[in-house]
Amino acid sequence: MHKLMWWQKSLVGVAIGTLLFLYIPVAILILFSFNDSPVTSFPLSGFTLDWYRKVFANAALLQSLVNSLIVALSATALTIVIGVPAALALDRFEFIGKRLFTNTILLPLSLPGIVTGIAMLNFYKQIGLPQSLGAVIIGHATALVGIVITQVLARMEKLNRNLAEASSDLGATQVETFFHVIFPNIRSAIIGSALLCFTLSFDEIPVTYFLTGRDITLPMYIYSTLRRGITPEINAIGALIVLVSLALILSSVTMLREKK
Amino acid sequence: MKARTRQRLSFWLLFSLPLAWTVLFLILPYLSMGMMSFWTRKFPLFVPDFQFGNYIQLFSDPQYSAVIFRTMKIAALVTAYSVALGYPLAYFLVFTIRSEKLRTLLYMCVVVPLWVSYLLRAYTWKIILGTDGALNSALLWLGIIDQPLDIFLYNQAAMVITLTYIFIPFMVMPIFTALERIPSNLIEASQDLGAGPFETFLRVILPLSTAGIVAGATMTFCLSFGDFVAPVLVGGPSGTMVATVLQSQFGAALNWPLGSALAAIIFALVLVVLQVSSKIDRAGRVSMG
Amino acid sequence: MALQPIVTLENVAKAYGTFTALHNINLEIGAGEFVTLLGPSGCGKTTTLRLIGGFETADSGRITLAGADVTQQPPYRRDINTVFQDYALFPHMTVAENVAYGLTVRANRKPPEERARRVREALSLVGLADKADRMPQQLSGGQRQRIAMARALAREPKVLLLDEPLSALDVKLREAMQVELKHLHQKLGITFLMVTHDQQEALVLSNRIAVMKGGHIAQIGSPSELYDRPATPYVADFIGAANLVPATFLGSEGGFARIRLPDGAMLSGVAVGSGEKLREGQAALIAIRPERLRIGESRHGLPLTATVVDQLFHGGRFQLELRFDQVETPVFIDVHRSSVADDGAVPQPGSRVPLSVAAPDVMVYAAEAAA
Amino acid sequence: MALQPIVTLENVAKAYGTFTALHNINLEIGAGEFVTLLGPSGCGKTTTLRLIGGFETADSGRITLAGADVTQQPPYRRDINTVFQDYALFPHMTVAENVAYGLTVRANRKPPEERARRVREALSLVGLADKADRMPQQLSGGQRQRIAMARALAREPKVLLLDEPLSALDVKLREAMQVELKHLHQKLGITFLMVTHDQQEALVLSNRIAVMKGGHIAQIGSPSELYDRPATPYVADFIGAANLVPATFLGSEGGFARIRLPDGAMLSGVAVGSGEKLREGQAALIAIRPERLRIGESRHGLPLTATVVDQLFHGGRFQLELRFDQVETPVFIDVHRSSVADDGAVPQPGSRVPLSVAAPDVMVYAAEAAA
Amino acid sequence: GELNILTWEGYADPSFIEKFEKASSCKTTSTYVGSNDDFAPKLAAGGGVYDIIVPSIDTIGLMRQAGFVEPIDTKKIEGFSDVYPEFTKANDVVAEGETWSVPLVWGSISLMYRADKVAPKPDSIGVLFDKKYAGKIAMWDDKSSIYWAARLLGFENVYDLTDEQLETVKAKLIEQKPLIRKYWATAGELTELYANQEVWLSNTWTGLQSKEVNALKKGFEVVEFTPKEKAEGWMDSMQLVKGSANTDCAYKFFSFMLSAEGQCGIVGSSGYFPVNPKVVSGCLKGEEAEAKKVNNIEFVKSLVMWQMPARLDKYLEVWNAVKAAP
């Protein structure tokens, strides 16, 4: 811990290089959002705010942004409504198939999204759920609920089991116990995982790709725009996303790491 | 009411919605995908059936195994590079940065790019690696080359770079957590027993962070294995990955049964990877006490 | 028992999966008593307490509280309160809110003035009236312990359950809190049922102690009953220090026994500790309290001889580690410094010393009863 | 000190940020000694040990090991080994691998046969030769403790550092391990430097004890020196139980003092404990060991009177809580049951009892020296 | 009412769609495809989403066979009779005695190259297979690559190749792979590939991409030409999705798109050719009318007009195999 050895120095070098590596693309994205050429290549041709103006004038883009917000908000709300009771049940009760349930609900998080998307496309069609924002919302909620469950479960496990017992010992019914004791203590885990779900849903591509109908989300808009050739508007919206995510990530990371 | 009845009731109050939801929107879809993999393609669409033709086609036509192996190779490379870059970064954050505040700040800096649109992160590499891109401009400016090189973009290397970039944070996070969890007195004990810092690293720190490496590697491997954005944006003519094929079976080729069979194979592959990694992970976790 | 029983357990059994944690426990606790469950880790103390508190449900048997069957009642319907081992204070509430909690639940909502009064009273009872607005994290371990007490007491329960209430505290604080706990019990007059694995604590605090072993109650009685007349070597060893030495049972007359020690010494007139009948020639175990063994010969005592193995300095006393000939297990006795003119008088390691013990202070048990 | 010094600390100081954890510590440890650092939490015990082990670097001062200056040496260059408080066993290695670790490092690689032999020896030394292939998680706390010992001892260090080696164990096990530790020290003859905050442990095990307080060494000496002639009330209270009572210093003659207790009793011929000069009429504090206070009057002793507040049953003894008139702090004495014919003879709460103490057993200190 | 249209970008430009919405009070929502292969999957995933689709002439037959679309009552469409009969009577537009689609625009597919880089001036498809331009060639990511290779190889009926011929085509395309920088998917992507100096040579949708590349003024010009092996022709037409709840609006839309406003609008925004020559006199005059082949039906006949390949799935498999090859 005194002086750095050669191998530690090179580790540090790689580390700093990697940190830069993580930020160069972000910097370039922001740089091009101010470049006044429709083609994103060097050399830069001049400064402009036009792309930002275009973002705010592009009705289709703004509509897709609104759609994304609707999807992310609704999907997040659903993950909470489904995930929190599930986490409570997993925490409190032993039952057959518990591990299977937990593993299954976590599957969409490691399975390539495209597989989950295909499976949903296939089945949702059979149960008469047409491709639409509604289907996307259900798909996202289903794929992401594992996050809420694991985060809340982890917090529940850290939460002193005796707290609930103490509450019922003091005369509170289970419902009172939930609202007065459990909820205040898992709130930050719920908010943190909700933020995470929101951001992931907001940025989700593969499941959305298969489930979306004529109303598209922002990533789908960007995807089709990128396929059609780039317009620097996308750089502008990207720069804006960086800004907003920065705010979101800061709050969610603090929430999730808040309590030891 | 009997205590046991009360328990059951509250269990079902909590669990019936999640269970029903999961069965309807997740488990049945996976099962129905599995079923469709046995259907038959019948121009112009497909019909229910039970036959193994799709699997036979996937295993006999070298075009599919070639793509699967290529995808595995790319995912493995991405995983290896992510470890190679992510581990030093995590190590640096945990052991070199002394200030708690700075460490948290830098950790967040690692995480932030994860939250920038996935597509945009991939697409930026097109700007960087292109013939007119940042990299060529820089090399020209430095006088290292006098003609832009077109070897950076639209090939597998570009996909590996892009995916590595995307997944480094996924790698750093679990390794960081694993390193942070190593009690400092184990490192001190090692030094106390005569091991210098390098030996301590190799014999204590590295083995005790395997759980983190495995977690990050699993995530990186599985997600890059299924990626279909990089091939579209920065992959070249030789950049077809499994997800691209899958996408085209459900798109252009309009052969959902074959696509389902391919998806089922990916599903199985991922389950194998998860199984293996949880084995390693469990071994690692046991050892952390 | 003369007292009105407030809690009774009748044939209560509880298994976790295939593991039986409690085998048919019977226990009757009188109103106002201070009863302690004592035993090694895993013997079922916490399980017993949780069954009474309502956090677990008995597989069979019956639990009554003040005469009413509560076996199937949930915790919030039992007029009992618990002080948890790690206090279980609500981390998101102030001290006052914690203490008030049990008075704000729907089933027992008190008007604000009464609530405020009872919170104040409970906090003064534990001497922490000035900490009402703190958060639990801002308190020391001992203070948290007392808040947990106040929170339970604010409900004015008939019975207070305490699961190792002092085990998280360090030695000095634990001793101080023991005294407080005792005074609180005397002042309030409600029933205390405490779990501990610290025999010192059990001895100091309890009216009665139930020593548990492997899901059974091994013996129940007052501290001096258990200390002076342990039913088994297990109890003898668990309560206080006991020197356990193997011996051979030779026979008994008039309730007193004759035995032979491995070194050949014959002792007669010793007390028969265990309930079961000993047969002649049977392997036995004798238990002698350290303070009953005296150095030197005595007219009234039985004479023994041992070798000093080690001398441990404890400040106010020396502890001598002795060994009888032919016996593996060491024997310890205390030599108090007030009784030795000069430390030189303490026998040195290697020396052989004569010992004496009064015959009734030697208790003999069947060897199987040990383990 | 007659012994060859093996570890010396000369004016060693260490600060963490603005907080000074150690102020100019001087300490000399002789080869083969068993020295204990004793003190309350945060007094700098661990810091001292870590400086010697090389895990922290001194801000100033000098540390030598066997005559060589090691102040700036990293831990892996010091011929010292440490038994960590929570053992710090490598969780990914078997017991044997853990013990062998220090013999496989590049700087000290031993041939396989020697390594195997030394691992075997170290494991038998701690009685765990049969556990070589277990993983640390598969061992009990006491076994882990012994593996940590074996691992350090396999290196055959000149000095063994032990940071609260037994604090994670429960009472019974701790007592057993104390004995083992003592025997191990006697058998090996190497130097042990141990940190503890358990005074009992320090008294039983050490050749010398250094009592620390706020980054200073308050007193260093043999257990009986510290117990019988504590330099301050702080040491008196920390080592063993001390009854501390406020008093007024009236004057001294021939090294012995006269004092007045708050209830008016005058005591003369008492010992002056503190080094500093006491002035006439100054507020003082007297310290009396519980075992030096006797119930009843005595021709040779000073007469005192107190009221019994409480009687606590401890099995082999009763502890009496007494109060002198006009004095807030309670005074405790032990009544051993072997010395009371019948428990009825123990004074009951409320009764006034005459006490006596030999004048030299009362030590007087300046009141400021307390805190 | 409302109208959901699955179509190509540029085919629903606000410049004329807004006029339609105002006149008809039908609100339109357009979703864009990148390739003809996108239509079937979108419809296969369930109905009720789209009312109108605009596939090319080689795809409309598939839509009908798959049961995705309904026959059209041409009487309800104003101006239908003015459309080139070569289109309104074409195979698949008319099938099983019914009309299945309403022609919208048409065009050809030619070769494009950078004048400053490619010399001598090419005249054959062969230039796309020339090693000299390795790494500078782009091909449309579409099964139509097969037609290109087939024509180069001199095969007669490119829409009904034999297995043997397909194998040869596949080999030819795989041989071409190392020369390819990128298979382009959309008009914009190709434009960008040129603008970023990535490629010099490609096939292209006549009219649109060259116009866009040259408009960027990157310091070079691109040139289009029809290779001596002939060019493909295409025609995009509108189809009514089966079960549409908005047929009234759909018919209003068909009529509008064949009117002067619709035809001028789409020609203006896409650069392709109008199908109803009668109504475009207001917007296309003289040279421009000539460039857009107004009334030049001979040009239609000179093209190899797209048809659905006789064995569509076989063609798709071949094209996928080419892309999957290393």
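Order as written gives the chain letters A, B, C, D and E; numbering starts at 1 within each chain.
In this section, a residue touches a chain if its C-beta (ideal position, glycine included) is under 8 Å from a C-beta of that chain, and two chains touch if they have at least 3 such contacts.
These numbers were taken from a predicted model, which means no experiment stands behind them.
How short can a path of touching chains from chain C to chain E be, counted in steps?
2
By number of C-beta pairs in contact, which chain pair leads?
Ranked by contacting C-beta pairs, first place goes to A-B.
Could you work out which chain's C-alpha centre is the most distant one from the centre of chain C?
E
For chain A and chain C, what's the span in angstrom between their mean Cα positions?
It comes to 54 Å between the two C-alpha centres.
Need the CA-centroid distance for the pair chain A / chain E, whole Å please.
Distance between chain centres: 38 Å.
I'd like the Å distance between the centres of chain C and chain D, where a centre is the mean of that chain's Cα atoms.
28
What is the distance, in whole Å, between the centres of chain B and chain E, each centre taken as the mean of its C-alpha atoms?
38
Could you pull out the residues of chain A that touch at least 2 other chains?
Those would be 40-41, 121, 124, 210, 227, 230.
If I count partner chains per residue in chain E, which residues reach a count of at least 2?
Residue numbers touching two or more other chains: 185, 196-197.
Which chain D residues touch at least two other chains?
In chain D, 74 touch at least two other chains.
Any idea which chain A residues touch chain B in the complex?
Interface residues on the chain A side: 4-5, 7-8, 11-12, 14-19, 21-26, 28-29, 32, 40-43, 81-83, 85-86, 88-89, 92-93, 95, 101, 104-105, 107-108, 110-116, 118-124, 126-127, 138-139, 141-143, 145, 174, 199, 203, 205-206, 209-210, 218-219, 222-223, 226-227, 230, 234, 238, 241-242, 245-246, 248-250, 253, 257.
In their shared complex, at which residues does chain E touch chain A?
Interface residues on the chain E side: 4, 6, 9, 29, 31-32, 34, 42, 45-50, 185-192, 195-197, 216, 218.
Would you tell me which residues of chain B are touching chain C in their complex?
Its residues touching chain C are 1-4, 6.
Chain E touches which residues of chain B in the complex?
41, 43-45, 61, 63-64, 66-67, 70, 130-133, 148, 150, 153-154, 232, 236-238, 240, 244-245, 248, 250-256
Would you tell me which residues of chain C are touching chain D in their complex?
That would be residues 171, 179, 182, 197-200, 203-204, 223-224, 227, 239-241, 289-292, 294, 310, 312-317, 319, 321, 334, 336-338, 343 of chain C.
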